[in-house]
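One structure is given below, encoded as structure tokens.
When the chains are written out, they are named A, B and C in that same order, and each has its own residue count from 1.
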């Protein structure tokens, strides 16, 4: 093993683990840059975590004694980042305990699932999942061994034992993780009962809902009709036409806002935002309610979604909820996996995306409005420097969300900073968000971002592009302040 | 403050400024690479500047005593790179003194405008505008302080005092900047009276016109009809049909050439170059002259522009003017800003662009012709390695222009060199051009390019990809020789 | 000349050559990273070469005494990587001895061709061709001088003298190069007589065919009708309709497999894979056989090729041949060059390519099938992180081929690893292949890959992303094991 200059090697850990978890990880090997990165990082590493967008289940916090379950339930079964990699190498989802839509048999022995994961752990070499898992195991569970077939059982027992203790309840970890605020993502029809119970419990954790109306806006969503009925029920407004649909949405937005929401979120396949004439929108909605799926109307869902994005911007102008746009994912690309296991099974594949043309209709209406903040996310990195940074570097309403999903990784972050910073500057960005359903990975994810940012800023400083004082401010902004201010938290 | 190895810190400047303006800025922190970059840079830093493409107003040089006006007139009001960033953070253009189309009130107190700029100067952290502004302030005005609210008035007074002196006249600065030649960009209808006066003045500065016929070629350009009349007047050829239009263009090209022009420039939204049958071109032009805008003819401007690009290549084959193609910008994307303030207000947004298919018609006709040099520019960096470098690495007529606009930055240059050098080689590139209307930023822009190039070549040398002797030649080529030879200057 | 730290300079070579050919070439200048890269490289540099995809002519090995011909025949005339760069700078193909389609005069004096090449050798500065040529000259021919006008004749004589000796016969070099297996690319109609003779010769070299049916699948291929007749003859199945066409293809696949083939290869302009109804495929094929080219049927070749890609996947599921897909090249873009010199003249230009939508039909049918391995290649690097890595990181049938063609270069490899490794991991990649017809450049090409990979992994290790042990495994996988296992060799 190579001894790195400037790293203290202790005898308490095996040398490998120490190397991987050393305090300089993710910093450039150049000693001067590493030194400066370390100085910058020291000033942000312990800042509270702002989590303005993610998919953690609020139920975790609704009851004081909620448990994460088994190690397999914590690390594998709910995390499509993890099981899609195993699946890509021929591991059947059934053997990982992923529930089947038809209720058919899947592996129920969680220790077996864990063993399979440990045997295949080498697949995560060089991946961000590998980084998060390692840091999560070390920082949350005190495990510095690399999982493999030989230590699988031992690790299972260690983790299971810890998960059974009070210190590993979600609320306890929320506090340990030093989270300042955590926003969940919730259907427009959600009763927010868990958020309500958290409020009523007197617990001081700040868990806020986010309004995500995709399932009622996408006319071709599975169970759309049922979702509309649920929206009627939730809002107390019987939805009989486009007008009452809009009223119901506005009603729910107001409720979410009351419950602490500061933002909405929209997942569309494209950022097209062309609004319809109201009469057209009414006609499309009427056809959808009537279940009319004539071939001549097959474009309805697409046109309606475009229209609704601009309509949602209109509502944001009125109620001040920050609008997030996550576009460019082909959901459930693998037909067989979707049929057998349903959505969110690691088979969502990005598509080429453009922003300059598609966003123009929305921006023509609201792009200069002081009430609107619209945060854009992309999976198509070729848009960073070509479209997104120039857009955000001009329109006062636009901010760029952090590198998303597949790009939430050291290289992805570097490409993002390379691609957007020069044109958009720092102050048209929205800081970081972890966007995860894996609660225990949150500190690791923020830590990767903070490290990469500090190393990047060290590079800018050493090339004389920014001063050290600038770098210090930018590190604070990117690690903490921007997420808080842009999301109005 | 971190002391960088190998940098001399003096007491004459504050340490921050010295850090930022140190002689090694933009070089890699690796000491060996930095050392070699410094050696390469020493051989190109003082070479004269070749400025083959830009937007400096020739009027600056037409009168010996022309003044730049106030600090706000020099740095802010005419520079959309600067004010678009302020606008993106909510600063109204009116408060920056940007003239309104309707003549309505805007800020007239230039000191106030300057103050606002200084207060918001932190927005330029990490941006190329920030780099240029800093170097311009230091090298041209001897100011090494970072502008802020506290020193705004003092800086204003210092700059204003200098601008009032003879040493800060454009001609004096042209000489101080060691410019060898500077090409302007001029409408096809321009009388070139300023160029004429420069010639007649006996001043030795070499200011050459460039023929840019967009305003008469784009049938949907604002005031197209008036532009055609102006073209008739300028050429002395009454334009009554397509044939006389072509004759008038040829006449003007000949005049530009007489006046020293060596190039033309074309700004199109797409690089489509499909030529029309002559009868079709005649019919479209006749409809345009007649003001016929029937819906069935709404494609006319697009088809005509495509046709004219290939037609312009034909003329270049005949008269030897180098042809430049700047494509891929959606002009005036912000409808409200365009309506209130007009064009060139920082709201031009790049679009996805392709070259392989669209350029084929032009290349089929003239791609192998020894008289033609066609220089391609892109805002879509995903074309560098995929389309542009392979095209330039094959067709003898093609050269690649330097990183353009949003990509005229340290990262943009690095991505450009990474993307094109391996496939196109050095000798299918066109060196650097500053493409600016901000005359005083020209030395800073060339300096950034020369530094980035030398650091890049140092990296290639240290990895054994090129020899030091090669690197030295390549540095000279990229800094000086290629721009001169490719533009036939 | 700068003395690099940690490099031994000997007196046996001139200092420049030594610098370029030093043992640390292509490694980062950072001393720690360089040190670790060197350690990793030491463990893979002498591994046998696995060459699973390329265009070497099998005839080279069919006769024991086959000679490469003159230096021009070895380095220039057959290598479009080389002559396209000369052509791009105005050197006529005739003067390089490239044969004309019409049999007209081209340069026949190979020494003159070689001189021209040496005079223009500086054009290859910074290009991968420059790297390969240098290493080939040094390692194969013992020449460390940089070719130029002055030494052209001397080098010609040295190389010619060596080529006349037994040590420079293809079989001898195959053994010297330590090649373990080399796959050629062969038309579906090929008799594989050279492969047969190699087998029968008792020589131990492993030269395997690859089934490439493009010329019979593309209905608009030059000489398609003759190709179909040749397919009938080769298979012994008279092709009279779609059914017999499919039977003939299956027959040839079986023959290729018998002859050792483990893979097929498909070059399409797009990865569209939409299958047709059988009746439609039959009708299209019947029209093609009948020579029916009515305008209404002009889409036939495109639709048929899409269909056949999925049909080829079906055959791979059945016979276990690995399927390779090379898409995104606009072949013969330069009409004039194609007319005068034919195909493969350096005028193939990449086009923008997408994978997520176009591949779905094929993946819907066979994307989860355990028998299928489909290796994807791209010329559009913007797909690496956006589409290809997510696809390969999910579908068990997909693997990503190495950086292809213009991207088979140090920067291309770095962008590839940056773009795919985090999402696809190492084990969804297919290692390296040299894809060349220039047999003597094979060791240099593999060496560039192994060096870049080791340097890259050293960077990951020093940032704590992988352990040294991981890096060691990954280096072995990427240099040797993956190509062998993925191609089932």
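Criterion: a contact is a pair of C-beta atoms (placed from the backbone, for glycine too) under 8 Å apart; a residue touches a chain by one contact, two chains touch by 3 or more.
Keep in mind that what you see is a predicted model, and the values were worked out from it rather than measured.
**Student:** On Cα atoms, by how many degrees is chain A rotated relative to chain C, nearest 5?
**Tutor:** Superposing the C-alpha atoms of chain A on chain C needs a rotation of 120 degrees.
**Student:** Same or different: at the chain A/chain B interface, is the fraction of residue numbers used by both copies above or below half?
**Tutor:** different
**Student:** Quick one: report the Å distance separating chain A from chain B, using the average Cα coordinate of each chain.
**Tutor:** Taking the average C-alpha coordinate of chain A and of chain B, the gap between them is 39 Å.
**Student:** For chain B, write out the residues touching at least two other chains, lowest number first.
**Tutor:** 30, 382
**Student:** Show which residues of chain B lie in contact with chain A when the two form their complex.
**Tutor:** 1-2, 4-5, 16, 19-22, 24-30, 84-85, 87-90, 122-128, 130-131, 146, 330, 333-337, 346-352, 379-382, 406-407, 409-412, 415
**Student:** Where on chain B does chain C make contact in their complex?
**Tutor:** Checking each residue of chain B against chain C gives 30, 32-33, 35-36, 39, 354, 356-357, 360, 363-364, 367-368, 370, 382, 385-387, 389-396, 398, 418-419, 421-428, 459-470, 473-474.
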